[in-house]
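Two complexes follow with chain A in common, the first pairing it with chain B and the second with chain C.
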Partner chain A sequence: MVYYHSIMKIGIPRAGLYYQFFPLWDTFFKELGFEVVYSPPTNASLLKKGLEYAHSDICFPMKVNFGHVYWLKDKVDVLFVPRFISLEEKKYMCPKFMGLPDMLKASISNLPPLLDVNFNIRKKPFIRSWIEVGKRLRVSANKVKKALVKAEISQKSYQWNNLNGGDGLKIGIVARPYIIYDKYVSAELIDRLKEKGMNILTADNLIPEIINKEIAILKKPIYFDFGEKNVGTALHFLNSGEVDGFLYLISFECGPDSLLKEIIDDRARTSDIPYTTLVLDEHTEIAGILTRVEAFLDMIEYKSKTKFNL
Partner chain B sequence: MWLGVDVGSVSVDTVLINDKIEVFKSAYLLTAGMPIEAIKEGLRKSRDSVPVLGVGTTGSGRELAAVLTNADIVKNEITAHAIAAAHFVPDVRTVIEIGGQDSKIIILKDGIPVDFAMNTVCAAGTGSFLDHQAQRLGIPIEKFGQLALQSKSPARIAGRCTVFAESDMIHKQQLGYGIEDIIAGLCKSLVRNYLVNVAKGKPILPPIVFQGGVASNEGIRKALEEELGMKVFVPTYNKLMGAIGAAMLAKKVMKDKRKTSFRGFDICDMEFNTQSFICEDCPNTCEIVKISSNGKVLATWGSRCGKWDLSK
Partner chain C sequence: MIKVSVPNMNVVPIVVKPVFEELGYEFIAPPKMSRKTIEEGAKYAPEFACFPLKAVLGDFILASRKGAEYLVIFGGTGPCRFGWYGSTLQIILKNLGIPAKVFVLDFPTEKWARDTFSILGINGSSVKKLIHSGLIALKKLRLIELAQELARKIRPFEVKIGESDKTLQKIYKIVDNENSFIRLMKMKNEIKLMFEGINKNSNHELIRIGLVGELYMCLQEELNMWTESKLGKLGAFVDRSAIGLWKYVTGDIGLNFAHRRAKRIAYPWLKWHAGGESIYSIGYSLIFERKGYDGVVHISPLGCMPEIVAQTIMEKCVNIPILNLVFDEHTGETGVNTRLEAFCDLLKLRKE
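Moving on, here comes the complex of A and B:
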């Protein structure tokens, strides 16, 4: 049990679903009057700790997550590491998310109490999970509901703006949020492309209707988290020609993505939109990523010409 | 003349090509862990009195070569290889390139690359491993391929991982297999590994051009042809294709540029110093490398944030 006092510090690891829900989480806890402490953006020393404490066979972004928790553990009163089980009807989070609080407790000692509340829409609506979070922090359900209304507004109104403006190439990026928006994990890919004057489009820039329309043609629904969002986005890129080309970033050990990649690869074969996959893990050399990205951009450039024109 | 420099993990290749993309002079040198010396030596060997109109660099060491030569264009090896292949075989559909430590496949359509892949987390089946095995078996790498061709019944070798391939080879030796059968088996397993890892899911259509250092190995080429059931064409300059591509790119870029920025062949006699240090300004603790000559810093790289990069 955690006891509420006015300046309680809540630690939020800048990892995992933080990259999707930070507007909501930030507003929620601040509305309730807590101080929110974030770990810094992923860096080499933080990752080193993550690799030291994480189990060796979990995926790269999860190892990163361990590093963030380690950084926060002595600086906060309580850590917000919920157990994400299912966030959408008929969908499941990957087992690593379900087991994250347990894995953390098993491998990092002297952790502050974890707010490891279950988020499982198959069993109960989120509001009840948030009320439970509030209960553990000694906050009334009423206050939680009020804070949540404001939190949901900030989440909805958050602008995922990756466009540069101008008439540079439009590059799509398909990836889990904790890969693409973690600059260290993604080798600053968005920044690098924007520096070249390109406009970046991710799943978060598309309205759900677009994604759902693409998904509707699949033989059966995808039950992996981010599965439909990412596959739907990729199919939209392939079918609509809204982008000049797109990249799919996956973590080497990602089970769901290794299967989802097959669907995208299959559809990409009959499309002439340039597409390539970049596989990332803790051993990834930035030079290798840049070589592939450079070749990919060349491919787009040459596509607009019939010959190499030499 | 246009100069192309391809600095790979294992070799440094330099070429001088003329207007008709004919190789005028060339050099193929082992990097031997000293890329700067190898680049200088390569340039010394392709040195000529004819004026150099443009310089292009490629390969994993392309930035280094660009700093040394003050290149007009720096290009990744995927594009460079595709360009050279499309020049020598205009209707090429598939480029298979196996180098010292990486391997790639490039799919072309109407003379332009439309898809590619490069080995990601495994370098099994690349030149370095073949070199290592040749050395272990006491066979010069040049004879490796011919020996494989003599095999009547290739041994089955696990190709998933070079560590396991090696233990498998040792085991087969202990069972008494002939050396040619083991080598032929190794060639087959490495080709299988390439096809299921690097080329997986890619439409391999003829004409197929096989280039890179490993293409000199007839055993690998035969195994590729057998596995694909198609003829595989190895160009005359298979080892130099990257460098030729870079030179061709230099030729192209010089159309819009008046004068090459090439430092001149005098760089063969220049001293280049490298110095590395750890930047402690943030928790990333990047390793920074500084390259200088005559007390003048030519380039600095290695930082994640780019703060040490010299403005171009």
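Moving on, here comes the complex of A and C:
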């Protein structure tokens, strides 16, 4: 084992569930005294490496993920790429996350050791996974527990999407965290719309009770992680009229979203909240996305004007 | 009588028919899968849905046109998309104005299980019938899988090309029409004799190919363009021990030792079974390599999540040639033929 002492550098790819757990991970490793190295925000050259090393049929976010790992591989002593199996009771992550560490090992040579600990809440609480992470880093369980308390506080208090509260249009955006908060992947949509004075609402601005209420109408519970959150948010937007319109961003080749979209489409047929889906992949031109978003906004404005005139 | 149907999945309609009939339903076999099925399905399914969903949708649309009122499909709770097929199909059919109800055999909650049984009319008094018909169904499955196994062995040697396929079709019919358990028990020898009657020439060298991949695509010949049978006719012995319905049923509950072994062998490369057949695709490919096989054919539908994981890893860890065949509704048969021929030529060359 190469694990020496506390100034060891831990690499965290700025991809995947970084966009869900970044505050927790950051605090956790820093509390334990490690140096944390992040890959830079996604950019074209990083993506290029991802495209080179990842399977050509895999989804866009995974290709991005490969690019980040490639960037980090020679700069750190160990890479934090856990195996996410299940984040919520009775749910599963997508199979690609389950196989991510193994895929990386098979595709990129000369990787530093991976902290590929299983995170599977169906089998054991996360704290046990963290203790295992600690064990591999030669840190005692006690220290891990202490660090985790602080880490959880920063996770809870982190604001993923700040509301700006003006009286511009209210636009909802529904997407998986690594799509919506990765500025490169989402063509900086949130920032661009905010600049125009619009209010952006994401799933992170809704309290769980709202989402759960919407989800209750489904006969069979959705078993994909993020599935209920996204579908629930979309249904809430469609049912409550809290937004003037919303965008659903999905990745080309995203398995779960390709099916979950049907639920949203189905409800949207009988709702008059404007809604559109943007399918993103490595070939999407930003200009193309922006044109579509503009057309969508025009439609909303046209609609709300006619509404006011009535 | 209420009319039920199930999707085509190799011989599933033949196998489950006695069970539904015993429960007092009229069983409507879905039309044999064809271009039409695929086109209907692809037209109305979500664009990025996996290919099996499109094919099943096609089956359901055609079956409902034949009058089916209940469309039965298995469920599941992940990790892959299959468990969500039922819900998606129901939404699509509803929006097409098709009144048929998608019935998911699925037990996520206790209440769900109770409802399922009561809707299907399963209660104390029908349990005996159910067991009886279940045994018939299993027997039929075993007989058919035996016949398929024999066909795989004989195909590379047949004098008149295509004869084992014809025999196989004949056997499907016979098994489908036979409902007496006693006579089914005696059928094994009959099937063996039928295959022994095929003229063989034994003097040419075999190449041996292992077949792995996503279950449905491997079994549904019309979707994989008869890969298995074509490989046989090209002079290859195809080992399909990695995939089969019986294997699926027993493997799923951990009763299949070969499956367990494959999992163990794949473990250093994939430390968690990522759904579908991912870990088995890797494990069996490694087993085939150890057995000295000449190559592996990997079949999957476009965008299949577990199989992409498997493919990525197999590229690294399997040291015999792999042919990846990825299918969707646009795949053309000639392209597949060319690739199969080229692959067999390559393997033959390597052998010399």
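Rule of thumb we're sticking to: the second predicted complex is superposed on the first by the 300 of 310 C-alpha atoms of A that agree within 3 Å, B and C clash if a C-alpha of one lies under 4 Å from a C-alpha of the other, contacts with A are read in each partner's own complex, and residues count from 1 in each chain.
Keep this in mind: contacts are C-beta pairs under 8 Å (C-beta built on N, C-alpha and C of every residue); 3 or more make two chains touch, one makes a residue touch a chain.
From a predicted model like this one, the values you see are computed outputs, not experimental measurements.
Taken together in the superposed arrangement on chain A, chain B and chain C fit without clashing. With both structures placed on the common chain, the touch criterion links A:286 to chain B but leaves chain C unconnected.
In the overlay built on the shared chain, the residue A:276 is in contact with chain B alone; chain C does not reach it. Touch criterion met: A:101 reaches chain C, while chain B stays clear of it.
Legend: residue contacts after superposition of the two complexes on their common chain; A:252 is shown touching both chain B and chain C.
When the two complexes are overlaid on their common chain A, residue A:46 makes contact with chain B while staying clear of chain C.
Of the two partner chains placed around the shared chain by superposition, chain B is the only one that A:302 touches, whereas chain C remains out of contact.
Look at A:175: by the touch rule set out above, it reaches neither chain B nor chain C.
In the superposed model, the vertex angle chain B-chain A-chain C (Cα centres) comes to 80 degrees (nearest 10). After overlaying the two complexes on the shared chain, residue contacts for A:294 are found with chain B alone; chain C is out of touch.
For the pair chain B and chain C, the model built by superposing on chain A gives 5 Å as the shortest CA-CA distance.
Where the contact sets of chain A with chain B and with chain C meet, they give residues 252, 269, 279. Within the complex, the chain A residues that touch chain C are 54-55, 57-58, 83, 85, 90-96, 98-99, 101-103, 106-107, 116, 118, 218-224, 252-263, 266, 269, 279. Listed in rising order, the residues of chain B touching chain A in the complex are 60, 75-79, 83, 86-87, 110-118, 120-121, 201, 203, 248-249, 251-252, 282-286, 304. Here chain A touches chain B in the complex through residues 40, 43-46, 184, 188, 252, 265, 269, 272, 274-276, 279, 281, 283, 286-288, 290-292, 294-296, 298-299, 302-303, 305-310, going by the rule given at the top.
In the complex of the two chains, the chain C residues touching chain A come out as 46-50, 53, 75, 77-81, 83-88, 91-92, 94-95, 104, 106, 108, 112, 269-276, 278, 302-303, 305-306, 308-309, 311-313, 315-317, 326.
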